[in-house]
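See below for the structure under consideration.
To keep things simple, chains are lettered A, B, C and D as they appear, and every chain counts its residues starting from 1.
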């Protein structure tokens, strides 16, 4: 649609169109007022949609029983990530039974395509796609999630416990 | 039927341990004769006698000696007295009762292979044997049977006792050589064989105590005379160490080819009262087990036992009666091999441990019937895959126990399962 | 030269070869761990089993000598079954910690399992527990559980480095590699054990956990650490170099290299590199484009020669550059400028002839021999004293210096910078930044140079063997090599098509797409 | 710091020349250390290495390979009960258990008074006289638990 006005175009009456539009809106409003249960839309943000349990939302890094991060920094998620949005820096853990852990784990959610390959690649149940899907932020830098955000954000209430416990596995002789 | 005492003729006389007593009973009488012979003729006599190694493998001794390369390198004679095969205790007897008999046999053998230095490698636990041998060596040196120019023949020979320190694997000849060289007693890769490159990479002959002691009698009476004992292919007499559930356990000397049933029921007084024969291990714990039926038919010589799928081994007869659980005994045996694996070759190092763990589980009732097959499969894969025969030694009893007594293993597993309500996980 | 048949393929090998060597020569795959061409035969992994016609039992290929007319195969069902089980035996007590194991991606167990194993594991019992994360010394960390006891490292210590620090203690499946307290694994060849370890039992402290190997690319090169000229492989990614490993060359380094040489990737990385041209003197430095810097230096150089004659300029060279660069720079300096003032800056004259008996030499320059040869070929042989007197007498106005690439091996750097800074003008070509250089009072052009991995060329080893190498990767896009500098100094233009990044390209080349474009 | 006695040092030096290779002296030297100390402390390895001019790792390999060297302190009476096949059939394991109970000591550990250590070992080559045990360097054969206890008590346990 061109915004340039054609010099030869006649002046038009818009009023009937406006009124038709207002009538349509009024009709829907009235219908919605009396048929609230059948409404097609949600009153976001007061109302929120409930997704299924398998919804792949924001990433969660799980924690061990002692609250430390479960991730072993194997970088399989980063290797598997099609969007290349995961960046991990590994380091030697002072606890020799842990050995390797991430000192930095960053996900650039703006690049993330929420495919879930990372959670599939993870050999130790360290990363999961959680149910959260509201990722709005006011500042671009807030879209790079770090360990603090991924594992210990307030919504997680102290962290999600990993199902794979190294100590238990060692005791079981694995 | 009694014993045929050739080597052990004077073993009941305490004075035989000392030089004077030994000489009284014909000791060191063969040595001058041997030193007067051509060394080659001695080897020929030994070959003619058909003497086979008494340590376990049963390799013809004379043939082994003739493998030595004629390259003028110093040669070593090593006496394998690292008697570790469970069930075997004949060498200890020979060293403690008749050290000079061994020394004389060794001097003759050393002369035959032109060796100037020999060692008796005694297992570390045999403190008394070592002490007796050391005294005997001193006596022999003083009497001029050892050292420079022995009995004026121009032949020099030195002999020493070396003590092991507790490792079954040092009974394997290359393991023993490693140990003597001051290394871990891990067997060496073959080829080259010890006869070509052995102790310190020099030609080396390793023989068992009993083999070397027998050489004396072969030279005394001639090879043909020695052949009078035993069977055609397994000539001579052999010491058998009988242990387990017999009334009179102990060492006996009989000609090879003697029926096993005679040994158990005549010479060793049969089974303990009220017990029934269940199985016999005829050649040390590494030999495949014989069932009672097989045992009644077996003759104790190399060929017959090989035919029955077992072996004469070191001649340790372990008699098992019906009060013992084969599952339990196999577990004990495999625990031993797991403990003694030197850790060099992977199949043996890991396989012995694996089988041992499975058997522990079976005994403890944490196993399933398929684990019996697994034991067999692992064992089969351990056979003949390693540097030395320890892995075979562990695999052979495992295979024979689980095949010949499979129903007992199954019953054990079932019983354990039902006792625990089937709640155990494998 | 006995001939044999391997899997139906005719192979001829030298007398005395073993079957495994014949396999390697013929390119037929064979599974093995403990055998290493540079070490004695241990024969303990029992995986290189082959079937030889006429021999009923399977034999290990590493300890069986080839005989004329042998027919060997490793494809028979019995062999494959044995190899599968052999791998199972290796793996039953091996921990499943590939996610945190540094070897993952280049692990013998992983590779050979995929190639020869692929069985269903039947081990349901507890694994043997051993020690983990054992500090063996300043460079190496041991994980006993991962160790498959192939004894390569122990044999290396006994046979190659002859330092005997390692041993296998205990026996059976309780065996563990280890050092004795008070004698750590601390020698100049310790990291070779990490290379030869077929699993992740021995890991290098320097490289441990820093990268996953599948992110790294490899490039062949020559170690610039000393005049031995070990053949190496450099692992790099878009962030820079991560490690150096030896590459087989029987005539030069065999299969090994020293730990000092392994550090020669550090000065290549961005930190500490000179990223562009700098012109000025103490207190007043200006960043300029490298080409402009070189051009203006060239102007000054030619101007000086015109004004004061060819003897007023001097060229100081270190043994750190390639033969081709020496030829081009000397060609320009001696033929074009007609100057004979060429001097050899020897960084450690008293240690030059030292040798540790294995690989490491006291001459810490890769190409001293090449430099000396190039100077002879150009007919120059400047005595250091004449440079001294020339500088003191102000006869030499401008000094052109091809400074050290690896500054760490130049203990006299500070002293020499001060000494050469006496001249009126200084053209300092170097790859690294230097605080000493920033303090000179002479009018100075700092021109960034490429390091050995960023260029192609050749080094001449102490033996006189010329070894050429190719470009591996580019770290600093602005850097030039001496040939390019010579062109610019002579006032000519460069053929920019040959340069990755182009003239106005990004200062630092992060993009892998342009890597190795030359 | 571990130090060998003068006598032992002399002994080791003599052993070094006794065999064709100095390495052969490792086992005798370690036995000597064990005789002096009751066990072989880890510090003995560097000391021996210095004396014998053999790399520490090689001595340590030998020390850890053989079972007769005690790598941990043992009691005055080191009781080793054979539990291999023939002895197991004749009650070797039960013997070990009952001894542990009688002397109130865990297998392989030193009793509180330092007098006794009881451990299970593999075949000692005395299968015809099973069950048996070795106390220091003496063989005690044809045992019953009661007999074993009595003999050990006589020996000062």
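Remarks
Here is the rule we use: a residue touches a chain if its C-beta (ideal position, glycine included) is under 8 Å from a C-beta of that chain, and two chains touch if they have at least 3 such contacts.
On a predicted model such as this, the values are computed, not experimentally measured, just so you know.
The greater number of contacting C-beta pairs, out of the two interfaces B-C and A-C, is seen for B-C. Spacing of chain B relative to chain C, judged by their CA centroids, is 55 angstrom. Centroids of chain A and chain C (each the mean of its C-alpha atoms) stand 45 Å apart.
The mean-CA centres of chain C and chain D are about 51 angstrom from one another, to the nearest whole unit. Between chain A and chain D the centroid-to-centroid distance comes to 66 Å (mean Cα coordinates, whole Å).
Shared contact sites, meaning residues of chain C that touch two or more other chains, fall at 125-126, 168, 170-171.
The set of chain A residues touching two or more other chains is empty. Chain contacts: chain B has residues 167, 184, 339-340, 342 touching two or more partner chains. Chain contacts here follow an irregular pattern that is not a line, a ring, a star or a complete set.
Going by the touch rule set out above, the chain pairs that meet are A-C, B-C, B-D, C-D. Across the complex, chain C is touched by residues 72-76, 79, 90-92, 96-97, 99-100, 123-124, 170, 172-174 of chain A. For chain D in complex with chain B, the residues that touch the partner chain are 18-28, 30-31, 54, 58, 61-62, 65-69, 83-86, 88-90, 122-130, 134, 137-139. Residues of chain C that touch chain B in their complex: 41-47, 49, 57-58, 63, 81-82, 85-86, 89-90, 92-93, 122-126, 128, 148-149, 168, 170-175. Partner chain C is touched in their complex by these residues of chain D: 42, 45-46, 49, 55-61, 63-65. Of all residues in chain B, those touching chain D in their complex are 83-89, 91-92, 117, 123-128, 160, 162-168, 179-186, 199-200, 241-245, 249-251, 281, 285, 316, 318, 320, 324, 328-329, 332-333, 336, 339-340, 342.
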